[in-house]
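Per-chain residue numbering starts at 1, and chain names A, B and C are given in the order in which the chains are listed.
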Amino acid sequence: MKEENIICIACPLGCNLQIIRNRSSIIIKGNRCKKGEDYAIREVTNPTRILTTTVKINNSFLNRLPVRTNKPIPKDKIFKCMELINSIEIDAPVKIGDVILKKTLGLNVDVVASRSMKKV
Amino acid sequence: MYDVVIIGAGVIGTFIARELSRYNLEIAIIDKENDVANGTTKANTAIIHAGYDAKSGTKMARFNVLGNEMFDEICNELDVEFKRTGSLVVAFNEDDMEKVKTLYQRGIRNGVKDMTIVGKNEIKDMEPNISDDIVGGIYALSCGIIDPWNLAIGLAENAVDNGVKLLLNTEVIDINKTEDYYTILADKQKLKAKYVINCAGLYADRINNMVASPSFIIKPRRGQYFVLDKDAGNLFNTVIFQCPSKFGKGVVVAPTVHGNVIIGPNAEDIGDRDGKHTTAEALDYVRKASLRTSSKIPFKKVITTFAGLRADTNIGDFIIEESKEAKGFIDVAGIKSPGLSSAPAIAKYVVKLVDKIAGGLEKNEKFNPIRKRVLRFSKLNSEEKKQIIRFDSKYGRIVCRCEQITEGEIVDCIRRKAGATTVDGVKKRVRPGSGRCQGGFCQVRVMEILARELGKDMSEILKDNIKSYILTGRTNKGEGRC
Amino acid sequence: MLEYDIVVIGGGQAGLAAAIEAKKNGIDSIIIIERDKELGGILQQCIHNGFGVHEFGEELTGTEYAERFIDQVNTYDIECKLVTMVLRITNKKIVEVVNSEDGYMCIKAKSIILAMGCRERTRGAIIIPGTRPSGIFTAGAAQRIINMEGYLIGKKVFILGSGDIGLIMARRLTLEGAKVLGVAEILEYSSGLSRNIVQCLDDFNIPLLLGHTVTSILGKDRIEGVVVAKVDKNRKPIKESEKIYECDTLLLSVGLIPENELSKDVKIRIDSNTGGPIVNQIMETSINGIFACGNVVHVHDLADYVSEESKRAGRNAAKYVKGEIKNSKNVIGIISGKGIRYVVPHYIGVDDIEEYIDLFMRVDRVYENIRLSVISEAEILKEVFRKRVCPGEMQKIKLPLFHFKDRKISSIKIEVREGG
């Protein structure tokens, strides 16, 4: 049996979670909601994070468009994903939620615009 | 070939340049820094002293009193903030009071007008927030507060308007003396001049030693200061000195022309001419010492601290003379306090020296003594505000919210002769970033305007000197990675 | 002179939420004055996720959160003036504004909502000794430069202060290729959210140095390093523990200050603890008809709480315009008791109580297993248990109206009571 304490990052409350692992099962304690349990299981099996960054945009009043992955991606893919995002540029106009990169790195995850930006 | 090259574009150098531009001379003023007023002029107490402090008979005493009287006219001509607030030297006990009387006598000998010995009640009337521990002091009406940056910048602008060449980022490496002229070797160029005026401040001994044998040594003396938010600006009305005592020289508490409060300095002899850093110990000393003047000083309202270096020497007085070993080479060195107060008189005196050496100077009939500073949007009434925005819509865009400074003012200070090219240059001229947010909101906007006006990319904009880059490239596209 | 029922000063989260709510409550004549080129305020530079869990039940980025509110402002057709600065307000509720298009003008308002937000504490304010080179940024300023302007600020970064913006920027800089050497926090606990320590520092192996501070800044033109030292119990640096970190950038995340220059100028009463106006439960300041909400009142850690508070201000400003605010002398003072640094609101106008009152508060240090008690004289009106509270996390207590109805209470006190 292995015990581990982590802080939940599913929401700003930051619950202290206790993870008890047997050969066959994982027990989560200390969570106040289902999201916490899901997070804890992911964290010990395949830790993932939402990636937020910017991409170069042309013809708008700002130089950078904020983007995010629409789902969490594996932690170890974050820098690979950054490289990919840094290699592209797009043109305004963009609507919030527009897909900037589809099926990023072969994952079932898209990079989407996290705000709208008009063409100027 | 220049007639005169002035080394150093602080308040002394720029003042001399401006005064010499009244004559038909080819003049250049050079400085190793990226802007004028970047040495001692940048960091001092910003006071025009009455003149009772310096030992009678010294150049310091003489030029201080003469210089003080000239400030109304010069600030009028150059449109520089200057206010005769008067000063107090306060005594905390009877011993102090004796010293105050000695100072008063010295003031009389030095020719200071309008001084009075005042009692506790009179002082309390003038300064309701002063400590109850004071027993009396001297009040000197002629003491004033000034914006030394705007003074030096105004002088530089006016000098350039009257034909003087300003060369920045020009560090003197060596000076060669020939029969009739000097060749100044700077990092990128050679300048020839009949006369050289050494106003190099903290480096004046090194410049002197390039043409003559060492006759004085510069001993940098550091002073550290606090600046308080304008919120505290009406705490004090006059410049308040403490009577020198066994507790030390005492520190000054004074209002500034911009409505802040300045507190300092201490005095530390340091070896390093670049040692313009503050230290926790000295700031603590200044804080504690100032609380003797008033326990009501709100140190919660500090917006910045800074250190300045004064160019003291082993001589003990200003050095203003033609070098005995180098004809036509004039040292203006060791201009420590009351240097700023003495500057107008020093400049006039140096003009006389040049006149004598040159055997007479010819008047520049086209000399224009008037310079207008960048207008201050925040000081305009509503009708004037409407008008100026109609004239140029850039005055309708406030860039610095703490000090209410418009894009119009920033653009004006960049587009001028001897104009700003850096973030600190803009700050010195029109003050965005001098307020309580210290540039947190406006620095990027100022950089954007600088980039546009100077035809540069924002990442090329500097804070101050050549190596003081602010940005390290663009995001994305893999730039700027280590 | 232009006339509006409500003038909202500031188009950030607080201003937007207040304006929308006022509109929903029947006021058509509203104008938002915003100094920036667009609405949204600081949220537009917050590209990270973590917003909206309470308000929308999903996790949004700051920009997504802002856009939802801006969309509503557009749908409701609420008027805005962008790139417009308020120079002054008067107690007759005249708002002096300036911009390039209209020039200088005065707007007469029936009610004003102050939503100017806050500014960052600077190096000068916390008095870090040393030189004054380039390369020292407040975290928020750096966030804007990187996320909106698209420029990088340095390659080797040290961060002072563990506020949330500092933590978020540690991750952001790392993602952009910079090396973050460490985050120093003078206190023994972080002032940021625990989740941000996990996902912004731990994820990237960035050390958090609790009980440490920067004692000096090195470098002539560009910053070349910082001296970092441990502090003792009185937060005084321990000289022997000093260590130099070579870096080209120092980021400061050392606190936020409500921006109340306009409020002070018109002599609105300010609470020296929060740095913001003294308000009652409907967010009305000491001048009737001038309301305040969001970070201009007190610094919040969650945008959702700002929205909630601002809606209350907007709703009640609407009532004020309609003449429905009683503003009677019947008030209950709120006292910050043992362990409480401040409570907002500062007092309760009994005749204007809505269904409930939200009390927002911060404790003065870390406590474990405590109760937050709301007391009237000897009677406990409400008590909530908390496993752990720290000054960095704002606490909220809801008090239903029945506590006050038809009762003579002159003041209530909130205090920390130790022991579960």
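Everything that follows uses one rule, which is that contacts are C-beta pairs under 8 Å (C-beta built on N, C-alpha and C of every residue); 3 or more make two chains touch, one makes a residue touch a chain.
Just so it is clear, the structure is predicted and the values come from calculations on it, not from any experiment.
> Looking only at C-beta pairs in contact, point me to the busier pair out of B-C and A-B.
Higher C-beta contact count between the two pairs: B-C.
> Compute per-chain Cα centres, compare each with the mean of all protein Cα atoms, and return the closest chain.
C
> How many Å are there between the centre of chain A and the centre of chain C, using C-alpha atoms for each centre?
Centres of chain A and chain C (C-alpha means) sit 26 Å apart.
> Taking each chain's centre as the mean position of its Cα atoms, how many Å separate chain B from chain C?
Whole-Å distance between the two chain centres: 39.
> Per the centroid of Cα atoms for each chain, what is the distance between chain A and chain B, given in Å?
Their C-alpha centroids are separated by 53 Å.
> Chain C: which residues touch two or more other chains?
Correct list: 146, 149-150, 176.
> Give the residues of chain A that touch two or more other chains, as numbers and ranges in rising order.
Those would be 54, 56, 63-64.
> Show the residues in chain B shared as contacts by 2 or more other chains, in ascending order.
Each of 474-476, 478 in chain B touches at least two other chains.
> Inside the complex, what are the residues of chain A that reach chain C?
The touching residues are 6-12, 14, 49-54, 56, 61-64, 66-68, 75, 78-79, 82, 96, 114-116.
> Using the touch definition from the top, list the residues of chain A that touch chain B in their complex.
That would be residues 54-56, 63-64, 83, 85-87, 89 of chain A.
> Okay, in this complex, where on chain B does chain A touch?
Residue positions touching the partner: 474-478.
> Note which residues of chain C are touching chain B in the complex, please.
Counting only chain C, the residues touching chain B are 35, 83, 85, 87, 96, 98-104, 106, 119-120, 122-125, 127, 129-135, 138, 140-141, 144-146, 149-156, 176-179, 215-217, 220-222, 237, 248, 261, 264.
> Chain C touches which residues of chain B in the complex?
Of all residues in chain B, those touching chain C are 227, 231, 274, 276-280, 283, 302-306, 382, 385-386, 389-390, 393-394, 396-398, 401-402, 404, 436-441, 443-444, 458-459, 462-476, 478-482.
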